[in-house]
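Given below, in the form of structure tokens, are the structures.
Shared chain: chain A. Partners: chain B in the first complex, chain C in the second.
And now, the complex of A and B:
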């Protein structure tokens, strides 16, 4: 036997050792269920034939270019997990140490600035991608029966990603992040039901040590765990019902195999990291001063995706009572999540859905205009 | 399948070169990423300039033959007044198993409470299990104020 054949035999023997004791194919199937590629895996087969069979299958039409926002969101999520775990090696979540540990990461740790900045930017891009994905779902009608669950889990995924970002902002524990969170939570605490519940979750309506450690555990464990579950649910529904009638699981697109698709994923990963490093170098998030409890800085601003609600509530509807504004906010969030049950018309083409499309376009335009108005004219918003 | 269609040597060797290029690019990229992660995880030594100068208290309060134990972060240090004019600074950690040494004025030596290793007043090993001498640091006297420079002896 040639030496390389011997090595291959040894590798197969090791694989066999595991294969007889645990079903490795199930792990591989789990990866595919997270949306990185959608191919169905025969978990009764051993790992190598199962992978070979899966990679030789033609790519399902719902996974063909340009339907890339889903896998892109998964890749960003995985990047956030890796960079977040790395940061947790140095970060200390206590009011007296948090700021100093961030300074240590940025100044002393090798590539600390890179990991910190790419983690900051990755969160923003993840939220942006999930927003784009929901916009696309809306206009393509990817919420009509039987895809209600696909929309709902996608919307929840977006909301959870926003909360991961909001809790993460506080962890830097500097003047700007502290006051942004204080001001951002003022509105939420006035809400009926949600307000007291959230107050309970974050350890009282006063910001302090309890808030920091609770935000920390929400940021690193509970919300990412929820993201993981929602990603699984989201892509499980895609695997069952497809994205549209034309892009259904049974409708096979071109002659491309999943083997090629894997190369596309690798290219996507390289591109993502390139974009993140570029942003980290060109547009680093500034290092703000330590918390001063006696003065609110002007830089304390809502996150960019909250600029529109902020402008609407604080600038345009400033005179209304908080309870009313909070309820308005809550109703619009519920409208987003439960949209499949609001618009139950069976129509699929743009012409059949003219009213709904007009409503969606108006809402999107309003959101964009309010954001532009807030950022350009009022100087509101922080990356 | 494509080999069957375009089976000429020319295109299959081009294919091999391209495949090789893609693979080596991806492996180099992976190596670089792994390098970044590794060097991030490697804890940096945290000697900023201010931390390298340690204040060691008053010079005149330190009698001849006396030693003073100083806590700097988690690094204990001794300043020892050898004679009227000479002060030396030594690490207070035994080089055998990292126990903090005691200064014995009678024996003019540092004694390890753990395994009875002994160092003389200049930090050399005189007996016991330790093999390396104690690290020595530069000391300066400015006015009455002693300062230890951790940057090296």
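And now, the complex of A and C:
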């Protein structure tokens, strides 16, 4: 036997050894459940024939370009997991050590700054992608029966991603992140029922050691766990009902095979890493000073996606009592999540749902205008 | 009529204020009214009477003459028994009499300051009251009421620029702008009630009260004897008096050349001291600039700031030693200041270079990214063809 044939045989033997003990195809199928590889895998077959069969299948219409936001979100999520684990090696979640450990990561750890900055930017881009995805779902009507679950899991995914970002911001434990969290939480804590409950969950309404360690657990364990579950749910329902009538599992007339799809995925991964590193080098997130409990910054610095609600609630509706503001906020969040049950009209084309589309466009424009107003005129908003 | 009666009933002791309401308002703001010192204490008369003639009879003395005011105030303020409960000094009158003001008053000059000019007459406030003209920070303004009056000062051959000069000086800035509790006002050097300019021989002693180590090094220097022999005021010869600038600024001027010929050995020492000082200052300022630049990037500069403070401390230590005129003694201190600042600069510079390298690295990185993508696209096409 030639040497390369020998090596191939050895590899096959190793695979066989595992194959007889566990179903490797099941593990592979797990990957497809995360939306990276939208294909049904026959888990009864051994791994190699199963993959060969899957790769030869035509790409489902809902996985064709430009339907790339879903897999993009998954890739960003995975990137956040990897970079987050690296950061966790050095991060210490206690008020006396947090700032110092971030400084250590930024200054002294080899390429610590790169991991920190790409992790920060990755989080922002993940939220941005999920927002774009929801906007697209809205205008394409991807919440009408039977795709309610797709919308709801997508909206929840967005909310969870925002919370991962918000909890992550506090972990840097600097003057800006600390006071922004204090300001933000003041509103949340005025909410009936949810306020006290959240206060209890994050260790009291005072920001301190308990808050920091609970935010840490939320950030690295509970919320990423929830993201994983929601992603699974999201793509499970995509595989069953497709994205639209045109892009459904029954309509697979595409000429591409999954083999090409894998290459596209690889190109996407390379591009993501490129974009993140470029942002980290060219637009690094500022290094803010240590917390000064005696001086509260005049302006709150809400995250960019919260600038619009902040301007609306704090600047334009400043006179309202906190309870009312909080309730308004809560109602709009509930409206977002439960939208499929609010708009139950059967029409699916844009012409059929003109009122709803007009409402959505108005809301989106308001959000954009308020954000621009806040950032440009009020100078608020932290990257 | 009833309100007069009412007033008489409420204050049977002093009804003067019934006819003198403006003075009443002033008096009530004063420390004296709080301690029960009434009109009659200074003005005499019969305070209980509402009858104009009777009220202004007896030992009534009206507005006290200016020359009598110090003695009148002293009738209580030089009395140990009367002052003991307030823990106030009793030597003001004695000091006043030997002050420039007191001596001129004794000569019959009524334009000089008496007690009421600084303290006010009816509205005397405690010197710890920020509203008082004798409160620490208000003193320059109070003295300036006369001493910045060019017309008045001309008669005594005194400069009326002193207040402006003081405001611009390091002392004035520290007192009036930074509210530094250690900063001196006029009285800190000239005395309070015994106000007079320090004599030539006393300047070093007066300045040395605060600048103790500078005085120590000065007294060991050759300047001490030479200046005393020449009858020159010690500190003020180089530093000036009211318009004192920040430490070290004198050397930058041509102050040495006022006595020493340019190029002579003593002037050379001055030049070397200036060189040592300005080199250290230059390095510290450059480091400061680099820190500001690095902060924008953003790089964490907390440590560097602390270390630069250390450099500043070394330089601060060097200033008193410079009065010894001993270059050997000054050099180690300015050198430490310089080397700390240089270290900080070097380290920040390394980091800034690192940042520039990152950008360069990014260009290379994109080259590899595009290469990888090209390979992937090529592989995809190849697979399709096979």
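Keep in mind that, in the parts below, the second predicted complex is superposed on the first by the 379 of 383 C-alpha atoms of A that agree within 3 Å, B and C clash if a C-alpha of one lies under 4 Å from a C-alpha of the other, contacts with A are read in each partner's own complex, and residues count from 1 in each chain.
By our rule, a contact is a pair of C-beta atoms (placed from the backbone, for glycine too) under 8 Å apart; a residue touches a chain by one contact, two chains touch by 3 or more.
These numbers were taken from a predicted model, which means no experiment stands behind them.
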item	value
Touched partner set for A:48, first chain B, second chain C, both or neither	neither
Of chain C and chain B, partner touching more chain A residues	C
Partner chain(s) touched by A:136 [first = chain B, second = chain C, both, neither]	neither
First (chain B), second (chain C), both or neither touched by A:103	second
Partner chain(s) touched by A:183 [first = chain B, second = chain C, both, neither]	neither
Touching partner for A:282 - first (chain B), second (chain C), both, neither	second
Partner chain(s) touched by A:263 [first = chain B, second = chain C, both, neither]	both
Contacts of A:163 with chain B and chain C, given as first, second, both or neither	neither
Residues on chain A lying within both footprints (that of chain B and that of chain C)	263, 266, 270, 273
Residues of chain C that touch chain A when the two form their complex	297-300, 302, 358-359, 361-362, 365-366, 369, 372-373, 376-377, 379-380, 383-384
For the chain A and chain C complex, residues of the former touching the latter	103, 106-107, 259-260, 263-264, 266-267, 270-271, 273-274, 277-278, 281-282, 284, 286-287, 290
Residue ranges of chain B touching chain A (in the complex, touch as defined)	22, 26, 29, 33, 36-37, 39-44, 46, 48
Of all residues in chain A, those that touch chain B in their complex	82, 86, 89, 104, 108-112, 114-115, 263, 266, 270, 273
